[in-house]
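Order of writing sets the labels: A, B, C, D and E. Residues in every chain begin at 1.
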């Protein structure tokens, strides 16, 4: 659990080195090398099936890799380790799912309190205070006692973000956080993410919301067929994409 | 089963006279009068819930009507008759469903051969030859041995069309044949329908594909609230719709 | 050992039939177990300075239940056989019972040999069943005597075998309800009846035997007999044997 | 378990004969009641599918009775109760022809028919309505669409449940012991009470039962693989 | 049928409580006590078995799987005989028929119920496990705080049907002299001797009434759970007879 020596500088939050991932004999990630710096917001985009979800899920080891090294805040995530150690690491990586995955049997407040109490052994009163504060932050103070099924999709996703934040992670990962939402709810979730970014949170975010990428991202990664084909700042990426695949992707998007 | 005397001319394929249809106390079709001529392609359009499916399903009596007369190729479909007679009539009306409804336990070839063999008592070898020919026509010769679950939606729908054609129906009915398909597969199904139309098949087709309607249809019927509000050739309908409801419908469509 | 367990808990767990009158069956009015064996249990317990806890058992469970120690003694018209003797130990027999055959009154047969190869019903795991086999007949066995009786009534078997008392009672009952039966005079087998106990418990055996002889001496055994089986009952039976060692018996023991 | 000695049972001709006859009787009851149950289940299903309220009620009552009354009690009711109501001639005939076995086949078969028919019905109900519509639109009659479209799918859907209930049926054959059928459980109890080799006797029976049950499950697994709808997940 | 009434009038108490208080508690009360105790004790066992079967460790998975298959493959009667024979040897003390039957039911129902629990766990969306793991919960923590509370709630109706199965299975206690309802009916039958149909008809109807009411309860519970799962937000629409919307939490 001690930071291992690695070539990344002190300002590196996530470092992918030569990551390869296979599903059976399908290669889902091929030689991925990339870096997310502390405080940076990275948006990952690319066509369906290009490996975006796979990539982001390797960061907290929801997917195992075949080879390569992945450092998160100095820790080698895919090194052999006890499951207790892995759980400890995971608790420090915020992850937000496309389908929210709130716990339907717990109220909103309990959803947020559960993991701090059970994983980090935070005292109930402290967990509750912190949860209330986070609900405030995502604008849902009045829903503390509600159950997930009573909330709209956008509200659920904001609770999911609060739940992840409750573990005080140094970085947050988002896997298409708005694509299960009705259009009118996308905005509320993006604005929470925007405020997170402006508070300096390190974020890695798979999304098709190109406006968000343009405004908020520090870097855009474009993936296809398991490879990151282009890494650029948003201006360059949206203005003059280099890779022909990226050019086609962007023109397809605009055709809609 | 003999053609009954009726006011339609010899060139009428389908004739709706004063058709009324109720679901409980909801009137799904109100006084529908319309005619599909032999060799004509009619596209039925209208907002959701307007009764398009209901209308087309009355043609092969998948829905019973409350009153009115419906002639198909000279036969009074809704007259009291033995179920054997009804089955005989139905076997001569090609019907293609939105959700394909292929028989999942039969291979593609068997799907096409089943009804000719079992309903029309065609010999196995003949049925097989005809099925192969139809598969050729819809461009799926190489999938004869495949099972429905192994095909994409577009392929399944093309098989469904071939299955209906195998009964050599004088007319084909389509109920939103492309709306369960991913966008990239819509084209392949429409092109099969286009070729059918150009071969002179009589077709009645519920669809939201306005380009198809514009190019292929001889007549467009616009429905709302169980009534056919407008019948026009596509140029007139798309160029200068008469009914305010149709105008609104078309402008909504274009806003997309 | 078991005797010290028993004397410690001051209770004699006594297995009886569950519903074989007149030995042990619930009284329909009071729902209490009553019968010859029930009284004998109480008498034995009293003699030993204990109270009796009567536990009804199915016919075939009588041996395994004492063997496994779930009851201390079985007082359930339990006949000595050599193979049972290998499993459990017996007190000295307190009378000699006969297994009798009852058939429909209309049946032409008169001797047990006439029923060779025929279906005869009995309770499962009883010496009745054994005697049917020894007679070369085909046993149809049930959980209880009532079912065996009904089997005859319903033509499922030609006749049934049980001890004299049960047969007497059932033959009498058949006169008023159902199809009349008759008892074949010739007994199927003779068998000594004793109290069953777990093997290798000499102290218990001595105590039980002692109590039996004492009850014999005080006339208690005769009184219980008279109450349930004697001349004033429908069975009209006379108690011919006293408690005596097995070795004194004059007939061949069952295998 | 001082000395575990299977041969003490197997080598003794009378014991091995009892075991063999017990197994035969068990298989006879299981097979007989399975056939009866299947036939009856089809009848129940057909009756239930006719659009007749009364017929439907009757079948629903039949199913409800057999599912809410313990199988053992049904067996007793047949053997002790209903038998007593039969005419003498029939009673006599049954007795000569092994009434215990016949009645246990009847009781177990009729009982399991309720389960089988429900399995088939839910197999039928889980077919999307579009299938029947497609068959009708192509001109198939009721019988034809049942035979070529609905039933092939319904049976496939029902196979797992039917297999589970077939195993149940097989296991329930042991209840026939309670009415005096000399099937496998009866036989080993007998052997046990004569040989007092409890462990060996029960062990034998357990293994025999287990092997048969696993065999039924394996056949069921094979059937559903063999007839799996190709491509379905 | 007049005699049915007579039999009931003369013997209702025996059918209800057996020979209690002059004998052991029996009749339908014993049946119910046995079933309730059986299912209540089988429940924790079934959860443990289900967890073992879903556990990543082969050492837990294998024995649990074997137990479940043995129970599924062997008649209840055989299990009863084994317990009757083995338990006294194992615990070195004799046990009553009631206890024997109870042990049997716990093992038997535990195995069957574990299949229900397992199915309930596996039916939950994978996202629930993933979310919990992503938050740092361990395998057991995930099960305990996230998966089991949902799975067990969803399983309530199945558990009630298991309870009905258990009631039906207690009848086999009759074979080892457990004085439950079937035993009482047989006692009555042996007294009357000439009314077997009436006696067993009463017996069957008694079971039917008890189990049928519970079946209805299970169906009601099933509808309720289905409702609850969709959340109160969507309950309104479903009451309008419009088809139910899909559950809010969908599998990715």
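In the analysis below, a residue touches a chain if its C-beta (ideal position, glycine included) is under 8 Å from a C-beta of that chain, and two chains touch if they have at least 3 such contacts.
These numbers come from a predicted model, not from an experiment.
When the partners of chain C are compared with those of chain E, the chains appearing in both lists are D. The set of chains in contact with chain A as well as chain B is empty. Of all the chains, the one whose CA centre sits at the greatest distance from that of chain C is B.
Legend note: the chain whose CA centroid lies nearest the centroid of all displayed protein CA atoms is E. Taking the mean of C-alpha positions as each chain's centre, the chain lying farthest from the centre of chain D is A. Put simply, the C-alpha centre of chain A and that of chain C have 81 angstrom between them.
One inter-chain figure worth recording: chain A and chain D are separated by 55 Å, centre to centre, where each centre is the mean of the chain's CA atoms. The distance from the centre of chain C to the centre of chain D, each centre being the mean of the chain's C-alpha atoms, comes to 39 Å.
Once the centre of each chain is set as its mean CA position, chain B and chain E turn out to be 53 Å apart. Annotation for chain B: no residues touch two or more other chains. Looking at chain D, one finds that residues 80, 83-84, 178, 189 touch two or more other chains.
Listed for chain C are residues 143, 147, 150, 153, each touching two or more other chains.
Chain pairs recorded as touching, per the definition above, are A-E, B-D, C-D, C-E, D-E. By the touch criterion given at the top, residues 128, 130-131, 133-142, 144, 148-149, 152-153, 156, 229-233 of chain D touch chain B in their complex.
Within the complex formed with chain E, the residues of chain C that make contact are 18-19, 25-26, 28, 30-33, 54-58, 61, 68-70, 143-147, 149-150, 153, 170, 173, 177-178. Residue ranges of chain C in contact with chain D, taken from their complex: 60, 63-64, 83, 86-87, 119, 124-125, 140-143, 147, 150, 153-157. The touching residues of chain E, counted against chain D in their complex, run 69-70, 72-78, 81-82, 85, 164, 167-169, 171-172, 174-175, 182, 186, 189, 196-201, 203-204, 207-208, 211-212, 215. Here chain E touches chain C in the complex through residues 10-11, 13-14, 18-20, 22-24, 88, 94-97, 174-177, 179, 183, 186-187, 189-191, 193-194, 196, going by the rule given at the top.
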